[in-house]
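Working notes, structure below.
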């Protein structure tokens, strides 16, 4: 085996990391320079990864059906924009967004219902754990059977996948307000809903946003994988599974790249909203 | 003994009975081989396993093998135990379909992973666009079961004569409730289960010899399975780790498979040509774009003569 | 002067009589009240056999060593803690009913501001809950923040305020709505003498103007004497009432009343009571 | 001090029994409601096929026939609860657990890679979170790519991962477990980054005044403060790890395990088998989540968390 | 008496001289110190142009209206806040270096106990961090908890304690280890007069015995006068030093020194300084 590519890769990695270490230590006065650094550092990290990837694939002569170098993937993306866009619409704009909204909503409302009623708390929460791991590959075919081939069955899978993280985090979050704050609301004879909206939900927000963040990527995986089990002939999961069969691994990675980009932007958006809503939380103040 | 790993195209079932029988009955051992059989599935691409060094030889369908070849993985057909195709299109009679022309305006469910190309080829022969319009057909990618037909989510679905067809029957539809179109009859058949190895490995005479012994023992296994379908089914069941198969189904499958087997392991060049032609005409987005070169060799089967 | 009962032996009876004299209605009435906390470490008796009547319009201060049960007693009145013995009524109802009727405002020992609300939003919190109109909320928030000298800090978040400012914000929050009974747990603990004097005056003024009943925990003997119509001295573990001192001071109390001999005499008596409690320990 | 004695410390005898009753009754009621709805759906979803079948056979039928027959189909759209239960009974109690037809055997296969993957995933998640909280370069550069990694559809690249791992000599339990790891480390990273940053400013300041080292601040402050987040994350992570283990069984040839059962059931149209495997998976998840919940309660009790502030 | 500089015009210069006289070494030295917070709502100037020298072994109290910057100043000394202007040295080093040398103990205005630790574990926290032996930890925890009258509460969790008890636990935590410089931010705010007197005595005793340097924020004028060798009066927004008062009281201070005319005169002067600050407002 030829060790040189590996050694070169390690050296390159170390150099890039050192550059980043140096960059994050800079604390420029102007806020625009700070913002630039905030983009530059992850970008350098990412570019490093890509260069390493390219180098390893070429250096070790890895078969193109196993791994495609980023440059080839990029060419493929550039030449297949209409296909990628159509797939994105089908999978992300329909299945993911709708499923995410409904799944998170259902998890949240169930948590409130459980919180509201001690009866449900004892009766439903243990059963809620039950749906926590309905495996996607078992559920997806059933959903196709029930809801047909188009996006609603994928949205249903997403709902099931996102439900539990939201439920657990909201239940935990609702217990996060401090005793003295709850006492204060008691002295106002605040109603259940007033206490919920004015105290307990704000205090639960950090937990709820955790779920929203985790779900943002989970929803995407769920929708794509669900498409492996029956679809009309469009969609990111459809494309991935068929192109694997055609040995067009570059197209597979092109779809994955789109998924990664969409997922990261989605996550980033949730994180931005989190920053705005839970600005008061120590984790936001110190960071 | 020489170690050898065989990667199957699909999960353990009577479709691969010959190999399991050869292993179980000691035919491989007689040839000085120690064979490890790896089951596949929809999420196993045998070509990748072969390219990654996870197997020495694989069972694959010719379209998929040719696609891989064009994409730069030089797989070569070394033997072709299956001479005929078992692929069919099964429709419900109540949809009014009696002949392929009636597909117009209907929904066809097909597997992908390369299985869509013969269908595309067929449809372009029929002059039916695949755009979902009333003048054409709607294509759906279905999972590997017959539910879409039973649930009336599709008017026709692809099915193997040895497996899905019988599932439809078992579900309660009688032969009279369905119409079956055989790909072979429609002239769009492609070669199915063949054995493939990597080109560069075949340059080594020792490897060719090993393959020859392997093919020989496998054919012996197939012969035995053909003669003893019931026992072959049991051997398959023994090797099924999921514990999900039933004897009835596997025995019937073995009987159907027997009908697809050829006389010998050698590839029939006419069938090969037919497959290549079908694929090259598949339509706008063909799986292979040019005539493949050196995609098969008789080197292994010649040694058996 | 003649009202000061110099003999500490004559206690509860006298004071109750006095209070019921003060006005017809009683606001708080505790009989044989006791409270024991169960902890990982065995039970802690925080209150024991407390008998007390507070009449309408009284200003009652609670004073006693740290950990003697002052906070616990206020919390029992406010239905934040359930007594394990005895009986208590607030406005003739159970504390729970009184709480549901929003009978009181409470200032906690720790500020307890919500970090996601600005100061003005924190003060507006009870107003929102009790359904005051927007305009009314605005007006009241403005007025009470001004009262506690926090004008100009409306838009700040709690963590951007000093300790004393946070405490003042929490006082403003309790004063923003009209409760007939005010329960205040060391509200002025973190304030300097001058602000404290100012707020003392404001509080007395408010009390005189509105006829509120006030229950007030403090550690400052002069403050207790200056503000109260009655001073309850408590002793620790288990918290008991060891002395009840009626104040003979007039309702009108300029700040310099604190240098009068009457004042000093009462202060002295409170100090004696406290010291006695401590030596119990 | 043992777990149980802590959980019920300070209780009279009979407390346990009462608590059990207090929980059992609501669960039973909710459960019956679900089963009832399920039966209703069984009839509703299976009826079209059944009516079709009657018509093909040209037989007369009544509503009672329909209800009865929809609950006894061989390939139902939705099997009736008792069908699923009977199948589960048959494949658990009624079968030797070493047999390939035993659901317990398959559940064990899945459970072992779930647990391995979950343990590695949680450890990896916590370690990454520690790195992110303590190292600005990691915070800035790693997190976005961890997120991006999670948007890669696992089922798409799992075959490649398995092949690559196979090529470097890893096979058996570990490759499957690594897919569980891949899915389960993420909730832990997200939760623990938040948790490690949740101490109040004043608490961090206190540690600064002691000039506590990073390690000390971590163990004495950040870690205990993050525990509520840890448990919540672990509940999510273990559930996802199970999903990952099942997904991971596919590219390894779907040889055995609940995923293989699900897939085989689907290939051969054995709906009841699918549902019993689904149930087994769900039950496993419920048990795992429940165990973490108990752990949470014990640890929180030991940390003196106030009654009622406990989840 | 002669040391008291009755003329408030003669300030900084005189005091600095005095302090450097008091002992050779300076512990804290601030020059032109300023600190501005950036908030959502515009900048807040918390400290402006503060010059101050604290010599070794001094007991310096800070007094001033709520929100004037006392806490901020202590935090700057402790390297918990970075000044935006001017310069500060602690033991001749930057505050960061001094902190790293564990030069001081800090008592925060809010108790800030860790809710998951019992009282004794909370007090042991700094000892664990600084690597004291098990036995030593035990002994010190016992001793300091006893000092603040919390013996018997070792095994309780913070929320099972009253406000004053929590504050005492946090004082115990800062006294448990040996720092030469003690920074205390209103440590006795939530305590009753008697406990407070007791702790004042204890603190003076500790100070006399160990020669520690103490920076002490308080709102109580008598407390400041009773404890300090020097009293710094601050005025609000931006926090400035408006008066520095040297105490002529002897080091030995029985509690009844508080009734002596010297004492009352200093107290008067502090009160005047405070009032002047308030009128600035």
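When the chains are written out, they are named A, B, C, D and E in that same order, and each has its own residue count from 1.
The working rule: a residue touches a chain if its C-beta (ideal position, glycine included) is under 8 Å from a C-beta of that chain, and two chains touch if they have at least 3 such contacts.
In UniProt terms, the chains line up like this: A, D = Binding-protein-dependent transport system inner membrane protein; C, E = ABC transporter ATP-binding protein.
Since the structure is predicted, the reported quantities are computational estimates derived from the model, not experimental observations.
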What chains, if any, are shared contacts of chain B and chain D?
A
Pair of chains whose C-beta contact count is the highest in the structure
A-D
Can you tell me which chain lies farthest from chain E, using the average of the Cα atoms as each chain's centre?
B
Roughly how far is chain A from chain C, going centre to centre by Cα mean, in whole Å?
52
Euclidean distance of C-alpha centroids - chain B vs chain E, Å
85
Name the residues of chain B that each touch 2 or more other chains.
42, 45, 48, 51-52, 143, 145, 147, 151
Provide the list of chain A residues touching at least two other chains, using ranges where the numbers run on.
66, 141, 145, 178-179, 228, 241, 244, 281, 285
Identify all positions of chain D at which a residue touches two or more other chains, and write them in rising order.
77, 155, 159-160, 163-164, 200-201, 250, 263, 266, 304, 306
Looking at the complex, which residues from chain C come into contact with chain A?
75, 78-80, 99-102, 104-106, 108, 110, 112, 114-116, 125-126, 128-130, 157, 159
Listed in rising order, the residues of chain A that touch chain D in the complex are 17, 20-21, 23-25, 37-38, 41-42, 44-46, 49, 66-67, 119-120, 122-124, 126-127, 129-139, 141-142, 145-146, 161, 164-165, 168-169, 171-172, 175-176, 178-179, 206-207, 210-211, 213-214, 217-218, 220-221, 224-225, 228, 236-237, 240-241, 244, 252, 255-256, 259-264, 267-268, 281-283, 285-287
Taking the complex as given, what residues does chain A use to touch chain B?
63-66, 141, 144-145, 148-149, 228-233, 238, 241-242, 244-249
Per the contact definition, I'd like the list of chain D residues that touch chain B in the complex.
49, 53, 56, 74-75, 77, 99-102, 106, 155, 158-160, 163-164, 166-167, 250-256, 260-261, 263-270, 273
Considering only the defined contacts, which chain E positions touch chain C in the complex?
37, 39-41, 44, 63-67, 70-71, 109-110, 155-157, 160-165, 168, 185-186, 189-196, 219-221, 271, 274-275, 278
